[in-house]
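The structures considered in this document are given below.
Common to both upcoming complexes is chain A, partnered first by chain B, then by chain C.
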Partner chain A sequence: MEQRLANTWRMTVNEKKFIETALLSDLRVDGRRPFDYRKLTIKFGREDGSSEVQLGETHVMGYVTSQLVQPYRDRPNEGTLAIFTEFSPMADPSFEAGRPGESAVELGRVIDRGLRESRAVDMESLCVVAGKSVWAIRVDLHILDNGGNLIDAANIAALAALLTFQRPECTLGGENGQEVIVHDPEVREPLPLIVHHLPVAVTFAIFDEGNIMVIDPTYKEEAVMGGRMTATLNSNGDVCAVQKAGGEGVMSSVIMQCLRIASVKAADITSKIKDAVDAYNTERALRKVKRHPPSVALEVSVPDVIMKENQVDELSRHRAQNLKDEPERSCSNDGTSIGVEISTSRGKNNAFIGGPSSWDPYSKGISSCFIRSSQDLPGPLYLAKEQEEAKISQNSIESDPEAANTLSSGPVGASVASQQANSPKSLKDAVKPKNRKKNKASSTSDMS
Partner chain B sequence: MKVEQPSDPPLNSCVDQLVVPGDTVLDLSTMSNQTIKLGEGLRQDSDKISVMKAGKLRLSKPNKYWVESSHKRYVPCVEDTILGIVVDSKPDNFLVDIKGPTLAFLPVLAFEGGTRRNIPKFEVGTLLYVRVVKANNSMNPELSCTDASGKAAEFGPLKDGYMFETSTGLARMLLSSPTCPVLEALGKKLSFEIAIGLNGRVWVNASSPATTVILSNAIMKSEFLSGTQQRIMVEKLMQKLQ
Partner chain C sequence: MEVVRADGRTPNQLRPLACSRNLLHRAHGSARWSQGDTIVLAAVYGPKAGTRKGENPEKACIEVIWKPKTGQIGKEEKEYEMILKRTLQSICLLTIHPNTTTSIILQVVGDDGALLPCAINASCAALVDSGIPLKHLAVAICCGLTETGSVILDPTKAEEQKMRAFAYLVFPNSPLSVLPKAPSAVDDEPGIITSVTHGLMSECHYINCLGHGHAACAKISEFLRRSMQTQLPGDLSKST
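Our next item is the complex of A and B:
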């Protein structure tokens, strides 16, 4: 008891008078103007659907989870949305663990009303089997630090978490086609929630018997204020909810002015939330792109050359083979990855030595068309080629005169030819003669 | 963080350095006949002096050593001057909140010329500048609004102005002599009154609310700035004012 008495935050008479006097001249204690928000930071956790919002000193964490449940009887084809708030005792000495107090219930209600009544989250898309199985979305809001204006910060945390949340995809299956199978996120991409618009809560604190309104009160201003009003609007200018629970009376003209100011602030906050969510989504997408192992990265500097080499049959054949083996790599869009992809085949080629053309009836043709394109090949190839040339000298007799011929035409040509000759050996086991013909046909069409 | 070699005179090299609990600061077996006074945060373990609190080791010539750290909580110490808030009044004492583990008692007679006839009336929430008279960890601390000789000496209630809370480290920095750079720079351009409590409470009063707001924000921001940085910050604030 003594401890709690000592720990309670107390307001002095001096502070109360000062805050009120300063507001008469439009000045707030932290230097803001009456309609300025504090600095807003939105961060996301590693999991989908977890957000952390800092509004000045106030710190709120939002967490969204989903579960398959039976729908309500009167709404058999809609999902459900529930908001839970937790006022942690570390946020404020007056918060106690256990049952939510009055302010906790009010906060949960205001945010819930803003999302539900305005139908911000699409509920019908959450239905899996009408009447039997729907998704129940649960939003948990944890207050970590009470620096004033919990409603706004918690609302932003809820919106940010809902926008980045992804629920697992589920299909109907089983024996009778009625069983719901929930797919693992690794197997099927999870789906985001459909959010039509963002209802943003803007809180006003009332001072001086209803004459002065300020936005985003701090902890001290909340202790001194006469009353509070929260307006939830979206960027389209629709009023989703208004909450004014007790406190000083305010004239209707002042309320209309507040709603106008709130719509401007709501648009501003909506754009900030959207920017943060976009940045997070891009980063998440980048994380999902599977990268090649680092040893291949050395070859990346030769993308242009590789494109020209595509015209060469052997390489294109290998590329087709590689593409078949690793569909994921081909899915990535940027040019560097394609370059890397091809260089892996080149890497493989470098590893193989041997009598290439003994089984390859097309080698002569390949080398001739290679000679045509060889003039285009620039310098960097020389490095790899010289290695190949060394290998060529050890090759079978058949390849030697061929190699010698190509060598005379140009060193580059020789190495590439031998390289191409070498490369088939690696794929010899995998490639059937039929495939080679098909690929050759496709490659000729590529060349043309 | 340095574990001292017994051959060095280690205390001198540790002074004004950061130390953490467990550091051995001095090995007494190497010292000749000297008297060393240990302040808070230091403790004698037979032959060694070791550190108990994290902070900076300080020396006051000739032989007083202690560890200084900054907290948001206040541990009452005798002869500290602090700012308290009246919570309740009893027949014998006022109950005053001093940001410590327990509430403190301020006897109703502990004022200059205080008798049973002229007991002051403080409403709940009055800010007082007081001195700690008794402070044990088992009892509620006792305060007084007079200095040791019984004179008022600026103690008592503070009128108007604005109070804000900081850490104990910042309060000590503001009270240091020579004058802290931020206060010196602010004092050159603005005129104001200031009362600093060692429990981390600061009260400022100026002629206009704008000045008071600037003062409070400048002081709060100056905690982790060096001297030159503090002066630069005040310069920028003054330019904005004009």
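Our next item is the complex of A and C:
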């Protein structure tokens, strides 16, 4: 017990007095005005339904998952939405692992009231078979850093995660049409949730016996404040929830003023959330348009574990180090050893003219076809994800005929045939004239 | 026989590594380590007074809390906590701050295979960020054994499920010595801090995995050293 008390952070009397006195002259410690929010950044993870929100120093992560369950008996044709808040011990030295404290429970309940009871998320669209199986949406909110005003940040994280979440599509099938088949996201496009409106929480801290209200308190202001009020509103001006649990008494005129300010702030935050979600959706759509193997070692300026010449003996594998699958496979299929080192950190064009140290004619074949592709392709030749797919198909066409000329192996021919079938004819026009003859010659020889 | 991996890597190629430190404001040290899509965020709260019941009060005590992405904390999380605790105990200098507890909290941000090695690397970086005295760093890698008997490094989740066996290996980081070393000089037997295996593998396969893992850890420790040198210490005044 003593060690817990020794570890809690306590505010000094000087700090307390300073914050209170400064607020009397409308000054806040971090330089904000009383009704200013801190900087809000909303980021999304790679998966659908994961969001990271930073409000000043406060950092919250939201994660949405779904599961098919049996509905509640009194609501047989509605899905369920559950909010779980985790006050991680990493956020604050006073948070403890295990049972959630009262502030964690309060946060969960405020967000729950704002989202679920205001019917922001459409529950009836989550019903699959009435009375038997519905979708249960679970929102996990992880508080990573407590810089104050956790309710607002967690609410934004929950909203952002719900807006980008997509649940798998399911149809009824089976013998009597009662079995629910959940489709893989690769097979059928997953569906987003239907969100009618966005309830945004705005928290006010009360100082000086109810006379001074400030928005978005930091954790130091929270330690000094006399009370707190949270208003959850949406951009239509509807009040979804108001939470004022004890604390200093405030005059009703002040509360009305706060609600008016909160509606302005809520509209502002709603537009920020929508912008972030739109940007993520367009990026996700772009990612889906061209399907390609996830590229390796693009963003990081660190070379991967590359087969250096001396390690090659040790690990007994010689391979053309390549970030493209098909041309690599087709060119080196006969097992000749090519030691090409590629380090993506050292610039883009070098990767293709990587230093082949062996005398093997293949090495020249690979590098020359890369050079050719670099000349033919429009736009910059860095290994951007969007262009990799186009380059793979183009390179395969260009490198395969050359490979077929110097080497007539079955797999190469087969791969040439398959890749030629996949690519449109216009790619062959991009090949230089001297190769066109080789193309025709090889294609006839391979097809026969 | 060559192994072709789903994302185009060679058997000995790791996913892109990224490490950023000093992300959280309240924690004494924090680090975020990502290997491809597996991302773990680690935070350290430096020596707090008192040890827990049953721990040796003459030494510092390490406490690990593992937070999964979703769901309740179960046996798997407890196992990870135990492995991490033992690993980190062996690298920390425990006698410098006796009768104290250092807590390390890990949050899984993304899980795409090799989760425990990523967590170990993240907690090491977080310990460095918080200034806890360490003997050396621990560098972790996951080596998998495919059906055909070849070793692949840093498997993704899909690959892990298809593999015959895999091993999480933790090595001390390779030292940077002032004396020039002959390139062919082989170190003494690599000291393994931790080894956790899943599945059935023969002895020679395991030794093979150890060799691959040790080579890979040399690369990772180079990356770690470089990332720690380039990042400036951000906010030096960390108020509790």
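Definition applied: the second predicted complex is superposed on the first by the 283 of 448 C-alpha atoms of A that agree within 3 Å, B and C clash if a C-alpha of one lies under 4 Å from a C-alpha of the other, contacts with A are read in each partner's own complex, and residues count from 1 in each chain.
What we mean here is this: contacts are C-beta pairs under 8 Å (C-beta built on N, C-alpha and C of every residue); 3 or more make two chains touch, one makes a residue touch a chain.
What you are looking at is a predicted structure, and each value in this text was computed from that prediction instead of being measured.
Between chain B and chain C, it is C that contacts the larger number of residues in chain A. Residue contacts after overlaying the shared chain place A:Gly174 against neither chain B nor chain C.
When the two structures are aligned on the shared chain, A:Val13 is found in touch with chain B, with no touch to chain C. Contact with chain C, but none with chain B, is seen for A:Glu57 once the two complexes are overlaid on the shared chain. In the superposed model, A:Gly249 makes contact with neither chain B nor chain C.
In the superposed pair of complexes, A:Thr21 makes contact with chain B only, with no contact to chain C.
Once chain A of one complex is fitted onto chain A of the other, the partner contacts of A:Pro185 are absent, as it touches neither chain B nor chain C. Of the two partner chains placed around the shared chain by superposition, chain B is the only one that A:Gly31 touches, whereas chain C remains out of contact. Legend: residue contacts after superposition of the two complexes on their common chain; A:Asn146 is shown touching chain C, with no touch to chain B. Taken together, the two complexes place residues 2-3, 6 of chain A in contact with chain B and also with chain C. On chain A, the positions that touch chain C within their shared complex are 2-3, 6-7, 9, 45-47, 50, 57, 59, 61, 63, 65, 86, 88-93, 97, 138, 140, 142, 144-147, 219, 293-300, 302-307, 310-311, 314-315, 317, 319, 321, 323-325, 329. The touching residues of chain B, counted against chain A in their complex, run 85, 87, 97, 100-103, 123, 125-127, 158-163, 203, 209-210, 212-214, 216-217.
Only residues 2, 4, 6-18, 23-27, 30, 36-37, 39, 41, 43, 45, 48-50, 65, 67, 69-70, 101, 103, 105, 107, 109-110, 153, 183-184, 211-212, 215-216, 219, 223, 226, 240 of chain C touch chain A when the two sit together in their complex. Listing the residues of chain A that touch chain B in their complex gives 2-3, 5-6, 8, 10-18, 21-22, 25, 27-31.
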